[in-house]
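These notes are about the structure you will find just below.
Naming follows writing order (A, B and C), and every chain is counted from residue 1.
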Amino acid sequence: MKQAAPAILVGLGTLCLLSGSYYGLFVAPPERYMGDVQRIMYIHVPTAWNALLALTWAFISALVYLVRGGRAWDARLEAGIEVGVILTALLCALGAIWARPTWGVWWDWDPRLTTSAVLLVGFVGILALRHFVDDPARRATWTAVGTVVMYIDVPIVYLSVKWWNTLHQMQSTPETVATTFHWPLRVNAFGVLILMVGLLIARARIAEARLREELTDPEDESAGASNLVPGRVL
Amino acid sequence: MIGTASLGPVGAPVVLPGGVAQVPELREAAVTATGLARRFGRRWALRHVDLRVEPGRLVMVVGRNGSGKSTLLRLIAGAIRPDRGRVLVGGHDACRDAEAVRRQTALLGHASNTYDAFTALENLTVTARLTGTPTDRDALTSVLDRVELAAYRDESVAGFSAGMRRRMAFARLLLQTDAVAPRDRSHKASVVLLDEPYAQLDWPGFRFVDDLVRSLAARGMTLLMATHLVDRGVSLCDDGIVLEQGKLRWAGPAAWLGTRSGRELLDRPEGRD
Amino acid sequence: MQLTAVVRKDVLLQWRSPGQRVAILAFGVTVLLLLSFAAGPNTGALRPLASGFLWLALLLSSTLALADSFQTEMEQHALEGLLLLPVSARAIYYGKALANWCQLLVLALLLVPCAVVLYDVTITRVLALSGVLVLGTAGLSAPGTLYAAMAEQAKAKQVLLPLLLFPLVVPVLLASVKATALLVTGDPMRQVGSWAALLASFDLVYWSLCGLLFNRVVEH
């Protein structure tokens, strides 16, 4: 049962996502001002929440690793960053897809979207760092350090971009939709959440398996006795 | 204990410098390693080493290249952290009380640890300032004089030969062991770790190392010296240990390594007993 | 005091390679030129972009300066030597970060007149501008020193430092550019103070955080 957990979660999550999206795409009424284009919010908003959640999980794993160490937490960290990067990339893509028909431009420097782009590049950099370090212990420590440093920057980046943007004509960004449309949003949010947790577990398992293969234990200690020349043991 | 070595006459009173006799049980061992292991990538450089060295002993560390000699010395110095086990220097844990251990140990490693942009004197000044030893020009020149680099004190290290760089490393070591008059005795290193001290030196250099070892011994320092020059080590050291593929193969009086059985042990690789 | 000893060591190291300092300055000026080539020769169009170009040139030059500061430590394993002495890693970090900060500040002060010449801007509030330069370069130096230590010990060192540093210092870039622009073109709504406060907060957070984390980056 435990072995199949990721698969079950992914399945369940996809199911939720499909039903929520079906409702959002075909059944829910179109939004008053934006029309059908707004339907992308049913995917976009859940992705946003979960991207941040994945990266927060990475941050927590990083902190725990720095304090306690251990393969398991490094694996969780790696999973958190990768899943977070994928979701953030998706987020930026969805943001652009939404912006084009709405404002006529692909990118409108919305503070949240811009912060996501900065996060994306930042954490891709940390993944690159992982790739360029051979020693597993050092790789884990440096990833953890990089994650902590980058994550703490998130609110500062958001604030700076927000202030920066207020000097220009602020285009209203899509806030969460009117209350009548909450249902498909909630279903999708849970769908992506469950899907994400499944992916995190699966990815962490892969990372841990790789670490286990990389880090063998020293040989059986009992061999030590026979190596000592007899009569010289003090 | 299997696989362990305890070097030094436990139970016999030892006279410390200054003439104070102290019974060993009340004193901490200079170095205690328990279950020490360390990997680099996939390779285990050191596997489960248990070692106990009493203060004031001179220990030679012998083994093939790659047997873990440098790793052991670096673990004791606190330069690297163990993957398994722990190492105590004077009762301080090298992981938890890293700064105390680094104060008590002085390591002569393979690299010269110098800033090539600086002169010999400037390099020593950096070390002197950070170890609390006198930094005036004369004091440092006298240290350089001991390693016969006084003539090059104002020359940039970038132009130094390998032998001169090694002597710079010795000069750093002397500062850490307070070869010059110390201002504060509590700060001097008492455990000296030499990783192949004779490498890259010429015949006068060999004599210098011999004299240094003897003078450190006379001051009651504990010494661990990794070397391939077995005969020299045997003549200088009290005890010896043999490492093979990261494991402690043998421990005992250094003199035994000079005998025929000792030679056989060194020539015979593991697994062909 | 240990920190003073480390700062003296790092400043002397910089002093000993004047060729490198001049080269980094030349690089900065080249960037300023290239950016103006990209934007066109019309000085009217360039003037509002001046502060942005200045900080971009500074950011790009900083990667060279920061990388260089650790290269000298790695060549003969000098950093390893320091870490064998009873010196705290924190002192080593702060000494290096302070020395790098000075270097970046000097670089900034030298690039400003170049920007003045190339983009035809007039600087009236010199003191306030210096303040922004101080805060901005501090924001680059703290995380930059930490990342440079990592990058110099890893493979592919040249790409790693900018890749890690640039996303992180987005707030520094935004705030410094905005504050500089306001000081140059006029600040009717008195916003410079808020931007300076943002810079100061970033500096406070990262000078503390990176100091805490440095020993994990240099331990073996």
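Annotations for the structure displayed:
We adopt the following convention: contacts are C-beta pairs under 8 Å (C-beta built on N, C-alpha and C of every residue); 3 or more make two chains touch, one makes a residue touch a chain.
Note that the coordinates shown come from a computational prediction; the quantities given were computed from them, not determined experimentally.
Distances between chain centres, each the mean of the C-alpha atoms, put B farthest from chain C. Chain pairs B-C and A-B differ in how many C-beta pairs are in contact, and the one with more is B-C.
When each chain is reduced to the mean of its CA atoms, the one lying nearest the mean of all protein CA atoms is C.
Between chain A and chain C the centroid-to-centroid distance comes to 30 Å (mean Cα coordinates, whole Å).
Note on chain placement: the centre of chain B and the centre of chain C lie 41 Å apart, centres being C-alpha means.
Computed from the mean C-alpha positions, the centre of chain A lies at a distance of 48 Å from the centre of chain B. Multi-chain contact residues, meaning those touching two or more other chains, occur in chain A at positions 134. Among the residues of chain B, none is found touching two or more other chains.
Those residues of chain C in touch with two or more other chains are numbered 219-220. For chain A in complex with chain B, the touching residues are 134-137, 214-216, 218-219, 221, 223-229, 232-234.
Interface residues of chain A, counted against chain C in their complex, comprise 66, 118-119, 121-122, 124-126, 128-129, 132-134, 138, 141-142, 144-146, 148-150, 152-153, 156-157, 159-161, 163-164, 167.
Here chain B touches chain C in the complex through residues 77-81, 99-100, 102-103, 105-107, 109, 111-118, 122, 126-127, 129-131, 157, 165, 172, 176, 187, going by the rule given at the top. Within the complex, the chain C residues that touch chain B are 2, 5-6, 8-9, 12-13, 16-17, 72, 75-78, 80-88, 219-220. Chain contact summary for the complex, chain B toward chain A: residues 2-3, 5-7, 37, 39-42, 44, 47-48, 83-84, 244, 246-252, 256, 261, 265, 270, 273.
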